[in-house]
């Protein structure tokens, strides 16, 4: 996240650096079952940001002292490939990925129903392989499809979107430049079917009015994104059905 | 377990174990300048929670993408002294999150005038804020944010002649110009409340930390805890946080 | 366990679960230039195995014993996303071995003209090759070697004015002049076969990885797996590997 | 510990840098029950050196293979806050703190009686929050009060004091300058009630005569320090009694 | 391993830097039972390269989840002393030692019979204390003697030898200069009694013909080396016998 | 366990399992110059205990608080080869203590003339002493201290032309001027004894390591083991240690 000063003009004649209007999402591509080994998986692309997610589980959790007697637990890992960023990232966990692993776990938690899996774990692994802003929300969108495609019982899908402010203009789906040099950026995840917010992070400077406007913009986009997630899952279901028939 | 908790039953009935109102903070004690080895320091007691923040300054190389600005590094240690649940070893997920949320409140509010910390094209001041938990009695992020910002307001820049720092002598106040305050609002059932105790913290449905600047700008937000927040409720969270941040700011700086 | 495996029974009868011949590779798909944040990249799919390799370049200090040459660093991440058997944390023994075997195939074949990567007496280009496993479907080393070499052939040197790199702009192709290909030959009982699936890999008696250059030089060898190889059999391993490396090279570069 | 050369005059007209006479302790403050979460705790200040100690236990020890079947064990951790020293200390364990964690454990071991707590651990955590020499002995004094206030059965309190040599003068209770630039420094811990030494470390150059003199000086001070520890504990006991009455 | 360019003349009048002919081994010294604590141990010296190996086990393996129900397992650790190389090596595991620990384990595996030791481990620790090329094969030769002297059931001894190419000449038993500046180096381990190869690593450039020639040269030397290993073990057996008589 | 030990029973009766007197060291063998890759080295055998110490030298930057002095770094590796109780991984508490006690004996005795290791205002020699345990047969600290000091006395400064070190060629002896010797005195019941075997070490009540310089100065002290020492007994510990340090010094250097 950002807020650095720069000579970069983020808005030119009402258009963003990638020619979008403020309220436009980038092109979104979604695909399920991209990691054959996993119980469920997905690949989601927002413009030039690409994230993969794979779900393993429910499976027995070791060592035993980490098990919960009356429910399964959810674990998440968010990671960026060294080549996914312009300045190579050293492999391994850093403070940013530690925090994102936590907040994405909390963002997915309200959606999964793990009471039927005592002592088990459901593991969600997210890998960003190309980053151009909005990586955590892209990863979350992939994770949610992966969980559903793994057949994990869910209260609803999680859809996520970033939003923010550049030169006093409110925008959605920040690209890398906007993330680095904008005045505020915010990550929102929802269970659109329940009207619940499960992730909310912001940094930058926003008035309350701007904040609520942004939140509404993000909500609108999440409603759009969840439809695309559902259509991917429906197609998958159809394929499965065809294969079993 | 949640259902049988005393705090849970009370909160459901609209009461708190320590008889506070839902929008009351516990007693806040703040002392600054308490660590003489630090360039700035503060101790916060918020009920049973006690935190010390210390500011240290070194001369370093600027980051390539901010060549004319100082460097801010915020670190939190959840020492095992402070709670039976804290362990020795590398910082836990919670300690990392705490440090990063406090960091964002400071950074995004432009609390420190970072450009004034440039020394020459190759050297800038690096400001280390170390948050040391002494006792974990709940609501660490709000208390840590107060301690960190108060320590910064207390901090002085050491004497530096271009070659070496003379510790214990100072050339100026650290240029700190804003007063961000973070308030974490908790929800249990339909109830919103602030400044949770350790016991309350374990039973909340959801938590949202919001940092406000003195000019009413929101400068950082972080949803914590596993529960979700209804879309419509957010407004109430923000209102409570704004009001309480003003109260706290008054207590701290007036 | 080995004795009851389906793949084992089949291989003993001279068959493979996916009906391939013993000297057939699975379907190979190769795409290059697929990661726009990297200076060079490639994705390899080999049956169910999927690997992405990315090349990043930085300016660094030469090693004291090779003052006039660039630096090559090969790293492999066996991310837990790719297999239920991979774990988070520092690179496993297998990941380290994979990276080092791929490294040697590149380095010893003189694939990159390292002398051309010297910038001035104190600066050289450092070439990072990062191998990221997306799905582990067996035969990682062969697939990783293809991905790494293809990514290098795809790579460009960023623009550099002696002081800073302009990312996204390039001054030249990376000088890559050779085309090493690694083939791992497996043995089970009397049978030799290539490109093992994950299931086959778990039951082989022995494995030998051999890297050939396009001029038929062997540039790296690595015996893997716990079983031994009869002295006389080595010849057959080498012959199969040489033949298959030529086939693969054709597929990749023609 | 020290022995570096310097232009600093450590003694001027028989007075030390902080105006003390060679045989003077700095002002000592002691307080018990400063960490509410702990089973026992204390804060001890020797001049500008401040240490906290907290005791947790006896409590079950995991993983199991670390348990002792016939006795409880004592574990200690000595740590310095990053801001406790003039040049910021990087967080985390270093070789010095590893060694001090060990010697302080050995210094406390003769005082605690853990036979009645098989498979359990008593954990002592010491944090130096401001350092001006003599940090390990200050931490030990706090640890001993913390153990007693936690109700751990003890053969006696442990009292500790540093001593050393500056410009051929023998002194007690070294401050930071004396620690860094003196000719010898020594850390002593005792069970004064038993006349037993439980910690003894020295570095520097001492004749045997100097060593024995210093040891006697340290002993005398430990006898003084233990009285202050006892009075803190007595007050505590009185408070407890009043509260229960 | 190597291949760096240099002005060093590796061959002068058909003689190598240490006056050997291409097909000559350096002076080899072998000694068993050099680590009294171990169940078996050995010290092997090839010229200036010195390696120690110690075997502990079969012994119970913890934690339990690492145990194999129906067989013992073999573990190996290859390490270099910081002072064993001309430029001090930082203590601790690096990528090279991680790889060599693995390949030496695979090289010893075909020789040991651990089916009679379910849930147990046999641990082989190798320490290079002076390095002048060919360290892994020297360590392997020591490890094999150590395993035999520990009484671990074996299908045969493992003998190992390096070979390579300098200025188009094929050589055996590379010294440090040849390792660093030669054109190819290869490590071979065998069970000479079974005519089996258990370790084979090469880097450099070799024609197939050169490779097979080298392999034969290495084999011939391994047959020589294994005799020396056997004679050390025989002597040991004699000593043991004498001691019990 | 202690009460049923054979060594315990013997010591109580005034005897030792190997028939030594209480104030006898086991047979000491010392060889120097045994590692030709090191600038100095020594092997010590003390009964079953075997330790190798190696000295390596590099050019480094002086510490800010000692700008005109060389740097000394002492490190000990308790390799798992040497004992079934040693484990792989980062240095154990005991290894750290051993290194630090040996370090203090060398540093505080002013054994090395550190000022002579300054090269120019920005460069000094860094002296690395690495202690490698080959077999742990008890009394590691005394044996390690002998090995370390002997390796230093054996060490030479490599040739250095202001830019690079020529390994294998030397410009001078390392300036080592003192001969500190460390003796660890053990107590069991009323008995004091020295040079404990591994078995004896496990049953002692207390241990005190004392380093003496050849001019009878005490230069380091370290109480080890969990038991305490009666105030009045210290005198005896010191006397025994002083006497034995003289004996050892004679054996080593005469």
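By written order: A, B, C, D, E and F. Residues from 1 in each chain.
The working rule: a contact is a pair of C-beta atoms (placed from the backbone, for glycine too) under 8 Å apart; a residue touches a chain by one contact, two chains touch by 3 or more.
Predicted model, so just to flag it, every value in this text is computed and none were measured.
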item	value
Chain separated most widely from subunit D, comparing mean CA positions	C
Greatest separation from subunit A - chain, by CA centre	F
Approximate Å spacing (C-alpha centroids) for the pair subunit A, subunit E	51
Rounded Å distance between subunit E and subunit F, as computed from the means of their C-alpha atoms	31
Distance between the centres, which are taken as Cα means, of subunit E and subunit C, whole angstrom	27
CA centroid of subunit B to CA centroid of subunit F, Å	48
Residue numbers of subunit A (touch at least two other chains)	63
Residues of subunit F whose C-beta touches two or more other chains	91
Complex interface listing, subunit E residues touching subunit F	34-38, 41, 48, 52-54, 56, 59, 77, 79, 81-88, 91-93, 123, 125-127, 129-132
Subunit A partner contacts - residues on subunit B that touch it in the complex	65-66, 91, 93-94, 96-97, 99-100, 104, 107-110, 208, 213, 216-232, 234-235, 238, 242
Complex contacts: residues of subunit A adjacent to subunit B	1, 3-4, 95-96, 98-99, 101-103, 105-106, 109-110, 180, 184, 186, 190-191, 194-208, 211-212, 215, 219
For the subunit C and subunit A complex, residues of the former touching the latter	35-38, 41, 48, 50, 52, 54-56, 58, 75, 77, 79-84, 88, 90-91, 128, 130, 132, 134-137, 167-168
